[in-house]
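Presented below are the structures under discussion, each in the form of structure tokens.
Okay, so chain A shows up in both of these, paired with chain B first and chain C after.
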Partner chain A sequence: MTKLIGQRAIASLLSLLALLVLVFFLSRLTGDPTSLFLPIDASQEMRDQFRALHGLDDPLLVQFGRYVWDLIHFDLGDSIRKARPAIDVVLEAYAWTLPLALVTMSLVVAAAIVIGSLAAFHVGGFFDRFASVVSLIGASAPDFWIAIVAIVIFSINLGWLPTSGVGTPWHWILPVAVLFIRPFGLIVQVVRGSMLAALSSLYVKTARAKGVKEGKIIFIHALRNAMLPVITVIGDQAAAMLNGAVVVETIFGFPGIGKLMIDSILQRDFNVVLAAIMVTAIAIFLMNLLIDIAYSLLDPRIRH
Partner chain B sequence: MADYLLSVRNLSVRFHTARGAVDAVRSVSWHVDRGETLAILGESGSGKSVSASAIMNLLDIPPAEIVSGEILFGGQDLLKLSREERRRINGKRIAMIFQDPLGHLNPVYPVGWQIAEIMTAHGSKPEDARRRCLELLTRVGIPDVDNALRKYPHQFSGGQRQRLMIAMALALKPDLLIADEPTTALDVTIQAEVLSLLRELQAETGMGLVLITHDLGVVADIADRVVVMNHGEIVEEGSPRDIYHNPKHAYTKKLIAAAPGKGEIPAGEPEADVLLDVRSLSKGYGDFTALKEASFTLRRGQTIAIVGESGSGKSTLARSILRLEPADSGEARWKGRDLLKMPPRELLAARRQMHMIFQDPTQSLNPRMSVYQIISEGWDIHGLMPDRAARRDRVTELLVQVGLSPEHALRYPHQFSGGQRQRIAIARALALEPELIICDEAVSALDVSIQAQVITLLGRLREELGISFLFIAHDLGVVRDFADTVIVMKAGEIVEQGPTLQIFDEPRHPYTQRLLAAALDPDPDVQEGRRQAAATPS
Partner chain C sequence: MKLRHALFGALLAATAMGPAYGQTNTDITIVLSEELDLVEPCMATRSNIGRVIMQNVSETLTQLDVRGGKGLMPRLAESWEDRGDGTWRFNLRQGVTFSDGSSFDANDVKHSFDRVFSDQITCESARYFADTDLTFTVVDDHTIDVKAEPAQPILPLLMTLVTIVPSETPMEFVREPVGTGPYVLSEWVAGQHILLKRRDDYWGEQPQVTSARYVFRSDPAVRAAMVETGEADIAPQITEVEATNPATDFTYPNSETVYLRIDQTIEPMGDRRVRLALNKAIDREAFIGTILAEGTELATAIVPPTTLGWNPNLKPHAYDPEGAKALLEEAKADGVNVEAPIEVIARTENFPHVTEVGEALVQMLNEVGFNAKLRMVEVAEHEQFYSKPYPEGRPAQLIVAQHDNSRGDPVFSMYFKYHSQGTQSGVSDPKVDQMIEEATAATGDKRAELWSQVMAYVHDEVVADVLLFHMVGHSRVSERLDFRPTIATNSQLPLAEIGFK
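And now, the complex of A and B:
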């Protein structure tokens, strides 16, 4: 297990470095932040001063060398816009995205397993149809549209929930609900399919011949096997959510990593963009590792 | 009547399918007593497993429907009991083992847990169950019992897995054990061991044993009584001896006539020119030696059978000759030219002269190609027969030659039965007019009667077209009927080769002797003689 983790860590470190190089130079291609930060009528002197202050007057390679040097010393630079360490800005945003992703994914996984299993027991029954409808909505309706419709209905017409912002638990309900739909629709179908396969498997037949109770057959024999393909899809969806939900965060004014990322790209706040990408990459790496570990815990054939 | 351990009376089961209702069994009645072994003999689709599934409440209802009948066990009709009442009988009083123990064991739980579960499900305490597990595993002959309990199904061999299934089924000393094709997936020597284990355990416990099989040899070896099923009906019932020597029903007669391994053994090797000369062929996968210094010579018109158990290197030998896998060393001369060193263009031409037929025609025929496309594909690959009309005529000719009709050309593989699909595969092989056909277990998946027909067909083609065969098989009966030379392989090595007559009559290598001794004879008298000979080693 430790060997697996070590190999993964090294492979991920390499891709992280490649990503770093790519993003560093690509983001510089978008232009110079100076013109965005200073008023249009700023004098050339002020512009030069700004460039010198942020090291933008050096050749690109020198800038890159300096960045890497600071990085080795765990310094990711400062945010130009906020005049604070970029890493602080990013971690602050992550402190919002992480619980959002965690809460949403927990609800998605729990609901998908229960409803997907129920759908598999009664194909064509109520839960099967419910799952189909949600999957269809998730696959076909864009989330910004769902978000806006939800705001119109629940916040404006009914007045039950706040339209945007954070602060009270009420503020979380709409973003979580909107983010819930697509991964739930996907995962519930995978659960349903693999549960159907597991229930018609030969080992379930053996369990019936052994006289094992139906509940144990379903939740002990079938479910653990059915979870194997599900875990992979959960990993994909969770990784996507760790990236931040750009659209949903923007619509609900939720100060998460997705919103921060898009804002800092538009403002050419390069250090924040790079820090955000690195933190996200590490989070996704840990996520994948977690999935691999879960997989090998569930399936002994992977372990041996 | 009520004295029987279990009796099935007038059972009719119907399956409601997309193509309409199918009567799987029609008014079937049979019974089994304590200490008795009843064999239910039949081919695929005969309904032989359906009554067992009904006993164990394993039928999916719907699509299945129990139209009529009763299953009497312990004075009550199982079909009238509640789900919960039947659950309490399953595993405790009636247990079942299956054909494919890998699929029937849950892959994600340790086997010890799975065996203990049958006991805890019926109220045993976990520590008692664990103790009994150790006892059971020792009894069925699993080595290193303490560690074995913690292992998972995939860590055992096929034979061991079936022993584990048996241990599990017998944990609560059931009154009746139902075994559905328990040895079909196993090698002959393992099959013999498992059957004798079942026999011993039955003698110890006095349980009734219902054995569902397609194999006359298994019936001859172990059954006290046999019922023969065909198309959902029982056509004949009696002792294995009566059935074998005096079959009354036409179907039983056909089945017994089709059993391989009874005719004259083909004698003599043809003195024709050498077609294929294999010298010191070796192949390894990492540390594992799959093939070690294999050498043999195949002459024109000759049929060489390669026999051996799973993992003995039979298929690796064939695949290395065809260069489907690169060999490590050695040579395989085809008409004097080494196939292993041939440049690609020459190899393509040489491959046209040899063709392979695989075990499972369902998988080896592309389901989205019509029979016409399947048969003519080889001509496209080799740029032959550009004229469409000539192609159509030739496909028609080939279909007739393998016993199908011309109108079959436009159909797709799923519209055919297993035997017919193998005929299509043979027609495809013949399309390129090969000089050598390599059959890799080509008849193993077929029912006995179909298998006999396919062997007859191959024999006819050999005579008419002078084709040579490399015939890979594990069924010695088929080999005895079809081959003139036999190569016996074990652990990647050829341990013995010679004329069929010599191998069967005077096997020299101890492994060949063991293999022949383990093979089951469909004649109950012959089989009893063999069993006694095996019990008292000379």
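And now, the complex of A and C:
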């Protein structure tokens, strides 16, 4: 297990370095942030001063060298727009994205496993239909539409929930619910399909013949074997969520990493873009590691 | 059945335990469209910062009264006089304290300007003083002389743009601004909210609003919904689609002017007949009440009608497609390549329905014989086409641009847009240059008259651009408030102007 973690860490570190070089130069290809920070009628003197102040007048390689040197000293530079350390800005946003992703994915995984398994057990039954409807909504209705409709119904018409914001647990209900639909719709179908295959396998028939209770057959015998493809999809969906949920963040005023990243790219706030990508890359690396560990726990063939 | 009961129970519990949105009656919440990156007073001319900081936390020496139409009014300066030789004397208000308890005096004014011109920080208000050297002489604690070289006749007006900070303020962007305004920034939770609280020791009249909480939502439908549900009291920027409730929604001129910038250096735009044909080809009236909001006005100048020297005698170019065709034929007969491809470049999300406006403009231009194509670009790319140096080897281009001037004087617009050295100018006409320079240097009625003449010359004689619309903004204001947005609401939102019914 330690060897596995070590190998993954080294591979990820190399990818991270390649990513750093790529993003550093690609982001600078988009142009100079000066014209976006300063008003359009700013004088040339103001523009020159701004460039000098932020080291933008140095050759690109000098800028890169300075960035790497600072990075070695754990300094990811300052945000041009916000005039404070880029890493602080990113971690603040991550402090919202991470719990949002954790809460949503936990609910998604729990609900998808239970409902997907029951749907496979009673094909055409209530849970099967429920899963189909949610999957259809998730696949066909855009997030922003669901979010606005949810606000109209639950905030404006019924007055049960706040429209947006992050102040109380009540503020989390709509964003989590909207974020829930798409991954749930996807994972529940994978669970259902995988369970159908598992439930028709010989070892399940044997268990039934031995008189094992249905609940135990579904959730103990079949589920463990059905989980491998499910974990892959969970990993994909969780990674997408760790990248931020731009639409949900935008509509519900949730100060997460997705909107920060988009805004920083549009405003050419290079240090924030780099810091956000690095932190996200590390988070995804850690999550992939968890997925690998889960695989090896579920499937002894991988472990050995 | 059990599940249904459980769900019903959960919903019932949610209703019973729902959050309380009620606030004390004089605390208000304002929902803005974008979060503030900075709260630095010297950046308060940037509209998103200005709406929170300007005249709430930080004050200026003078202020422009757009609500009562009284023009330039005293604020931290009680009076001012032109002492000749480019020197203005400002007599400062006494008994004023900053929110940190220190007293306001002439050294604070000097330091505030030192920060604006410092090379250690990039303050936005510096742009209003380009090519002008200011020297500050502290006469006594409450008197300061400001000498401008060359002489600056509107120096008192420019003082509405520089916020005053204590002389201890460091030469770096501050996150806890200290000002003389009626409010103090008491809390800033990045990404969530900013809280301003009323000061008890403010020198002026106590405003009615005791505290203002600013929150940020990008989606206009959500901002409008927040006022509707009582979560917020003012949403200064909603769209026309949301502005449907006459009891809470206001439509008002927002000081933005939309126009097509013509670059006369590229064929066929150098020919006046072609520029006139561009103007006659556009059915401006057809936009209003269809893809642009009711209340939008036709523009005859780059500045709104509330600006000094705005010329009421100018009439928008009438829609005359046949006249436009005839002008193009005439130009063509003289060898002008009127069929040269023209790029109409517009910026995504520049204003509501910008794409539709661009498409309609292109359609109208092509109907009279132009060969125009729409190109939608992002803000950064737009800037490259709009501001000098313009790209080399470019085809003929018409830039769809929106310009904001709520400052009361054309000087903030005319030089940049029409002087041959102006950053966004497509004109190179010595007479225009001279007229702008003369108007810039003039004062009083003479100034208004000269600006009127510049506007007439640019519009009727040069036909410098295709002026289109003075835009309107929409705001939703809670029924419990006594507040009406003005043309300045785009750039500042003084809480002292808000009352309760």
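Odds and ends about this structure:
Following the convention adopted for this analysis, the second predicted complex is superposed on the first by the 301 of 304 C-alpha atoms of A that agree within 3 Å, B and C clash if a C-alpha of one lies under 4 Å from a C-alpha of the other, contacts with A are read in each partner's own complex, and residues count from 1 in each chain.
In this section, contacts are C-beta pairs under 8 Å (C-beta built on N, C-alpha and C of every residue); 3 or more make two chains touch, one makes a residue touch a chain.
Just so it is clear, the model here is predicted, and its values are computed rather than measured.
With chain A as the common reference, chain B sits beside chain C without any clash. Of the two partner chains placed around the shared chain by superposition, neither chain B nor chain C is touched by A:Asn288. After overlaying the two complexes on the shared chain, residue contacts for A:Leu161 are found with chain C alone; chain B is out of touch. In the superposition on chain A, A:Ser12 contacts neither chain B nor chain C.
Of the two partner chains placed around the shared chain by superposition, neither chain B nor chain C is touched by A:Ser132.
Chain centres taken from Cα atoms put the angle at chain A, between chain B and chain C, at 150 degrees to the nearest 10.
In the superposed model, A:Pro39 makes contact with chain C only, not with chain B. With both structures placed on the common chain, the touch criterion links A:Asn225 to chain B but leaves chain C unconnected.
Contacts of A:Lys205 after superposition on the shared chain: chain B is touched, whereas chain C is not. Note on chain A: of its two partners chain C and chain B, the one contacting more of its residues is C. Of the two partner chains, chain C is the only one touched by A:Glu92; chain B is not. Closest approach of chain B to chain C, taken over C-alpha atoms in the A-based superposition, is 26 Å.
If you check the complex, the residues on chain A that touch chain C are 30-31, 35-43, 45-46, 49-50, 52-53, 79, 81-84, 89, 92-93, 96, 148, 151-152, 155-156, 159-168, 170-171, 250-253, 255, 259, 266, 268. The touching residues of chain C, when paired with chain A in their complex, are 11, 14-15, 18-19, 21, 35, 37-38, 40, 45-46, 119-122, 124, 126-127, 130-131, 172-173, 175, 190-192, 215-219, 221-222, 225-226, 228-229, 231, 378-380, 383-384, 386-387, 416, 423-424.
Interface residues of chain B, counted against chain A in their complex, comprise 56-58, 83, 87-92, 95-96, 98, 100, 103-110, 117-118, 121-122, 152, 154-155, 165, 168.
Against chain B, in their complex, chain A makes its touches with residues 201-203, 205-214, 216, 221, 224-225, 298-301, 304.
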